[in-house]
Amino acid sequence: MGLQAPLLVAAALFSIGVGGFVARRNVFSLLMCIELMLNAVNLVFVTFSRQWLAPEGHVTVLLVVALAAAEAAVALAIVIMLFRHRETLDVDVFASMKE
Amino acid sequence: MNPQFAAYLPLAPLALLVLGALLALLLVPASRQGDPERTLPWHAGMVLASALILALTLWIRPVLGMDPVGPSGAFRASYLGGAITVDSLSLLLVVLASAGGLLTLPLLVNASERGGFAYGELHALLLFAVSGAGMVGAAGDMFTGFLGLEVLAISVYGLIGLERSRPRAQEAVLKYLLLGAFASAIMLLGMAFLFGASGSLSFTALQKSSAHLPPARHAVALLGLAAVAAGLAFKVAAVPFHMWSADVYEGASTPVTGFMATVVKVTAFVFGMRVLLWGLAGLGQDWQPLLATLAVASMLVGNLMAITQSKPKRTLAFSSVVHSGYMLVGLSSAAGTSGVGAAEALVIYLVAYLLTNLAAFACLDILERDGGLDGAVSRHPWVASAFILSLLSLVGFPMTAGFLGKYLVFASAFEAGLSWLGVLAIFSSILSLAYYLPLIFKLMGSSGRGPAEAVLVPGRGESISVAVSSTLVVAIGAGILAVAGWMVPGAQWLAQWAAQAGHILFP
Amino acid sequence: MSHVHLLGWILFAPLAAAVLNAIVALRSARLPREANGHSLRPRDQLSAMVGVGGPLASALAAWALGFDFLSRDRALRLVELDLGPWFSFGQAHVEWLFRVDALSLVMVLVVTTVGTLIHLYSIGYMAGDTGFPRFFTWLNLFTFAMLVLVTARDLVVLFLGWEGVGVCSYLLIGYWFTDAAKAAAGLKAFVVNRVGDLGLLLGMFLLYWSMAPGGQASLDLDLLLAHVSKLSVPLATAAAVLLFVGAMGKSAQVPLHIWLPDAMAGPTPVSALIHAATMVTAGVYLVARLHPLYHHAPAALAFIGGLGALTALLAATVACTQTNIKRVIAWSTVSQLGYMFMALGAGAFSVGIYHLVTHAFFKALFFLSAGAVIHALHGEENLERMGGLWSRLRLTGPAFLVAAAANAGLPPLSGFVSKDAILVATWHAHHPVWFGVGLLTAGMTAFYSFRLVALVMGGTARDPELANGAHEAGWTMGLPLVVLAVGALGAGALEWPHELGGTLWFSQWLEPIFYPSLDHGVHGSPWIDLALTAVSVAVVALGAAIGWGLHAGPGAGTESPWPRLQGLWLTMRRGWHVDESLDLVAVKPVVFSSKAAAPFLEVLLSACSRLLLGGVTVAGRGVAALQSGLARHYAMAMLVGLVGLVAWAVLAGGQ
Amino acid sequence: MMFSLPVWMLLLPFLAAAVVMVLPRAWARTFSSLAMAGLVLLAAWILKDFRMTAELQQTVSWPMLPLFGQALRLGVDGLSLLLLVAGASLGLVAVLVAGKDRPPAFHAWLLLFVGTMTGVLLVQDLLLFYVFWELMLLPALFLILLWGDADRRRATMPFVAVTLVGSLAMLATVLAIGADVRLRAGAVTFDLDVLPMVLESWSPTAKTWAFAGLVLAFAVKIPLFPLHFWLPAAYTSAPLPAVILLSGLMAKLGTYGMLRIAMPLFPEQAAAWAPWLAGLAIAGILHGAVLALGARDVRTVLACSSFSHLGWVALGIFSLTAEGWTGALLQQVGHAITTAALFILAAYASERQGATKLATFGGMATTYPWLAVALVFAAMASAGLPGLNGFVGEFLILLGAWGLSPWAAAVGGLGVVFGAAYLLWLLQRMLYGAVPPASPRGADLSPRELVIVMPLLVMMLVFGIRPALVLDRIKPWADAKAGLFHATSSHAAEMAGNL
Amino acid sequence: MLDTFLFLVLAVIAVVGAVATVSRRHPLGSALALIVVMIALAGMYALLAAPLVAMLQILVYGGAILALIVFVIMLLNVKHEDLAHEDDLVGRLGMGLTVGGLLFMALAAGILAIPSDPFVPAPPGFGGIVAVGRGLFRDHPVPFEVVSLLLTVAVVSAVGMAKRRLD
């Protein structure tokens, strides 16, 4: 097994995540799309780590996971705040600012 | 002094900031009593001021254990195998971020005291944001730098979101967070590919390997470069990754907008300099056209958008998109081994940009609170004058810091053989008159729409903030007259500092 | 007193008078104005004394200088006054250098003598006018400028005088400025003159640059005239014609004559001094002064003579039909100036100058006596309300008659001598057409002169009430009439033709100046000259007889005596519509564009700015439409950007 | 010498502006008149010490921040000397005619206006020239925008916009030059003495573009047709002291820039473009005159007249002859005096009439004879009457223009006719005719007004009769520097010779 | 060979799961699909000699982060009417995935240009807890510390935004 297969899978996952991100309106779906993208990134790290036999990639993956957690925490806080005020999870509702 | 101790002294500003932020967290409960002594603002102010002074001192008196690099007297101190690097550029970023925080603080405190703001946390978050910026400057590898950016970003999410009673702020924070996370994921993807190309994310290793990559890994590196550039473009709000900025700038309360427009953008650019000029210096041929394209797009679209805006704040938001374009001109001119001048110019531009926009948003905040901009010069002559001054600086009028930066950056484009880019940048400056001038005219006009007399008096802290930033704008701008011996040694310092910060990237 | 001092007196006595009068005028300008009839207020008396004293001193000095010249060798008749440098440019230096030679002296004498008389006359004529000191200021200043013009040794200094007289003319025509129409007449005079001045300037430039390659570029007359023989003929012709354009403006040659009839809006002494005796002859002086150049450019001379002939004829026809006493004389002046240029065109420079001198006397007399008539009729100028004044104005009447007869060229008056000399000169210069035109004009001149006399003095009063109130004015107005009448009668003696036993003293006086130019009048066969004279006298007599006969009878008016020619008559009265045509061709377009320019600019500006801003705004709106406020649209933009960047990376990496 | 005269001249207005801001309102005018008088004294001192040669005098030089050059040089030569003196004097006049109730800020801006223009005139460094050039706009803008007429906002926008566009074009040239110097020499310098040597090696295309940038900037300021569109409105709505400085000095800096910067740096381009630019200058002369003829507001007439007169100056410069240059420089000084006097007198007249629309004027010569005399005098000077200060300049300019092409002199010379026409037409409408029954009656010129106007009128006469006072200082410079274009001018002479 | 086969199976599961994640209307469904993706990814990590990461992927990601999301969904008690009315979901998803597909094509083109030699065998202990721990705590302590700070900031922000009482 070589580099290409895992990288292609990662690219696919990332692209699906990206596609979902631009398509969905539900906040939770958007968050999960981002998780999907981050997971794809992790796969790339792990793959290259395997290629270089460098543990740095693994370390990075762990830290990315933590980062994902942090982002999720803030995001969920915002979701809670918004849901409390607006009773909706639809991102398209928030489009009050434009010229 | 104990040499062991002295060797770690350069870390002091950063450590101070982080500890100060954590201490602020402990003080948050104190704010429950309404904080009549203003413990938290004083604490935050002292921390920021000491970090600023400490960083300045460190720069002025290079400490033991710092090796000079290059002829300019630039220095660099590495810790933990290069994971932390303190040099002229990182100290400068600490100074800038602290200054940004310090100048924003009074406005922020005032805004929160007017209500609708979670008072306690904002001090901690401000300090965290500044420390995040400091970490970006001190990062010796790309991932650490990225994490620093995230610390800064999340702090800013918090700063925006703390204003919970205003729907627009909520909308702003939601958009910022979602798109920011999206962009972070893209940047991470890029970093993963760069890791794939060189096997490490430390700048030194990247630089070593990027200098002579075999074709296969070169292709991987280019994929990484593209994605990292996209992520950076989001952070600095370059077209087409800029669209969040208008809404977020508008939705956030004006002091936070000012902080975002300045500290976040400057930090992102410093990160960009680290990545591109240091880590990926070998790929200059590749990223120069890329950044130039982004620069042109930013200047063009930013101007067109700014012209069509009716709200001053959105105008300034798009103006800062245009300024990202200018800074990208500088960054792309710095490609290649002869780019030191451009890097130097970019550093000066960053300083000018930071001070100018701090002044502009501070004035905007004060004036919009009291009757808007129409004929403000008769109600708040000093604040309106400072605003006009900062707008002139944004135009690039001589004797303002903006001119200095613009002049040097554009000249560096000409020097780098990118004359077309320089000319386009000047065209963009011409186009930008179409929205700066009406703003100036609006401030000076007497349409009679606004109230005739000042109702709200700006607080002392706010006044000082505006005065300091606008004075610095002029003082640095007057640097062009800084004839040795009798005027403005500050300008010389800045030039020297910029030279060192530039040289540090081109050993 | 040395000669230089005399020249100084000549020049600066009028200037000093002007300055003194200006002070009086400015001081009195702030005093309240009271109407006080025709008596002189104290400050007016001072002003009058100064105003006449200046030119008088100048005249006396001029005569002294003249008599001194007489006693000198011909080659030594020259005085120069150097007042230092004015300015220098390139290789040239312009000096405040004034020079009187034989030619200049003639001019100086005319200007100061006639000028003094007219100043004197003005005291009576202008008495009681609120702006009395102001009038004398301008008049004195005019005298000074005219003297500068005729004594200047450098073309630039000459130009100073040239423009100076123009300004004074402007100010004096518009002297009664509360009447906007009169002020406008001054404006017209100045602007039309400026057209000519431009020609003069261009001529000077051409001469300067043509000398530049030789390293001798200068506008000093001596240097210049020494140089002209080296010029190529086309270049000399061009310069000569350009300079003549200046003369055309100042001396009212077709088509730049249109200002002169309107200039009659000024007080009558002004018409007499400026628009008859002196300023309008400056063009003649200029051409005479530059005669070596014109000799070098025969085509230019032909042009001058032809245009002079045309002007003479055209103006004479117009003079025949006028209804305003001053306008008749004004058109007559135009016609006579045409005569002078005809003489110059024929190469008879001294004859031209001689006609200038005699004309100065009889035309000044004509105007002043007409002024006396007008004064007597309380400002009435319309011929239809005059007539039958001979018996009431015992001094003015004869003076008027002498002026008319001299103007008509009846022998042996001065006008006859000079006019005859011109006709003879044209004949000898082989310009039979000019001769014919001159003859015809002479007949018409006689016609309108005596028509005028008949309408004013002869017959019965058409407005008895007005006529009965007429009375002679005081001595200040009378004395100049007498002196000038003597001049008009006797000046012929100076150039009495050979064939009639004369000496041609005047031509001899000017000979050193125009030497070696040929004065054709001198060298003709006496019999041919006599025949020509006879013919001209006959034509003049015929014209005079018709003019008197048709208008002296009762019921005669200003309308055409031949009803069938009524249409032509009216056309002539309107000056052949030259004024209207020029207005249509030159003035109307400028006025229209001046009115249209500003709005046009406005529209253009707003259109441009709208187009520009509009374009930018439309483009901006287009981009702004993407800024929908929806986060996923923003993400989409980022995604597109990302795809672009990655695609670029793949393409760049593939190379 | 560190603190020699040029340094003091440069510093004084800025220092005075700072001081005047903190003074009580009542002292503002007195103080700023004193400052301006000081400036006049300094200028007079420089004038006194001036040696009548073409070289740069009173030179001062400092080391500079290496980012921007090696040394900053200040100096005065025949080109700048009289503009300096005129500028200082007009500054004094401007302060004197300012109303008593003007706030300190007004005087501060006036001082800054004079100061920045002094800077433009003194520096011998391209970058610093640009800096002062650009700065100069600011006081102009603020004086108009804060103290101008009712429609000042409409008036200033095109002014500022087009001026900034022009100066950004200049910036492009400055940048290109600076970058090139640094690339070649490894150090930055903008010294005007050094730059021509550097630029010699440029390609013609690059030079053409660079020259175009400079020309655009200067053409806007002069203004050269068709970039004049901002002028009538801006001059018309500016307050009197500002308009004195605008038309009296600022406009001349456009032509000054041509002579100081654009033409010496790019002589071949200048020579190639000169006929076209001269054509634009002529178009400006005539267009300005025509605009003035049709204008209905007294200030607009004078504004357009100023435009037309600057066309004269430009024509003289683009004639590329020593005669034309001498005339242009002389005309600059002459016009500074005349235009100031005209604007002041027009303002006095409008004050008395209570309006500026010409339709409401009439018969002022009857009611205000002194004012009328002064106006006629100044108008005659403006129309170029020999013996007054306007003539010699116009004469030499046209003479020089003939050296370029006889047609230039002939067509441009029509301006002589039009100039007389619009000025006399202005006098006709203001002074002559019957006094309109509705017009208010006031006193004739007051002693204060006379004291302000009389020196100007006297200078018109003095410089008309003794232009050598000015010429002796200008001519050596013009003769020496026009030598750059000697080839073309002698060529013109030959052409005339061959005609 | 077995590796490759297993990898392919996991890849198919992951991609299908990913598509399900982005296309499920209700977030709970998406969350469940995401868990499937993560488990598949964990398998792939294991195949790529990263056992520790694989384990933590399941523990932290599946166990903590997703649990948090699901918890919040439950907490908010999202009813169907609170959800976005994504009537045109199919259309927009098509559009999004098309552009995403473009991105994939671009990325894939880049990836396919990389020579894909088989991996050399990993040394023993690679990707194990010791190696990763050494990397994390000895070689890269700084990022680790920064992440701790990051989490603190996130908590402060979250608390600041989400707490009910304004003070």
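So that you can tell them apart, the chains are marked A, B, C, D and E in the order they are listed, and the count of residues begins at 1 in each.
Rule of thumb we're sticking to: contacts are C-beta pairs under 8 Å (C-beta built on N, C-alpha and C of every residue); 3 or more make two chains touch, one makes a residue touch a chain.
Here the structure is a predicted model, which means the values were calculated and not measured.
Under the contact definition, chain B and chain E share the contacting chains A, C. Taking the mean of each chain's C-alpha atoms, the chain closest to the overall C-alpha centroid is D. Remark: chain A and chain D have CA centroids separated by 65 Å (rounded to whole angstrom).
Note: centroid distance chain A to chain B, computed from Cα atoms, is 27 Å. One finds 71 Å separating the Cα centroids of chain D and chain E. Taking the mean of the C-alpha atoms as each chain's centre, chain A and chain E sit 7 Å apart. Looking at chain B, one finds that residues 143, 147, 150, 154, 157-158, 161, 164, 173-175, 178, 182, 186, 219, 222-223, 246-247, 308, 434 touch two or more other chains.
Touching of two or more other chains is recorded for residues 14, 17-18, 21-25, 47, 51, 56, 60, 63, 67, 70-71, 74, 77-78, 81, 91-92, 94-99 of chain A. Contact between chains, per the stated criterion, is found for A-B, A-C, A-E, B-C, B-D, B-E, C-D, C-E. Chain A meets chain C in the complex at residues 18, 21-25, 91-92, 94-99.
Within the complex formed with chain B, the residues of chain D that make contact are 62-68, 72, 127-128, 130-132, 134-135, 138, 142, 145-146, 153, 156-157, 160-161, 164-165, 168-169, 171-172, 175-176, 178-180, 182-183.
Touching chain A in their complex are the following residues of chain C: 624, 627-632, 635-636, 639, 642. Across the interface of their complex, chain C is touched by residues 174-175, 178-179, 182-183, 186, 215, 218-219, 222-223, 225-227, 229-230, 233-234, 239-241, 243-244, 246-247, 286, 290, 301, 304-305, 307-308, 431, 434 of chain B. Residues of chain C touching chain E in their complex: 636, 639-640, 642-643, 646-647, 649-650, 653-654.
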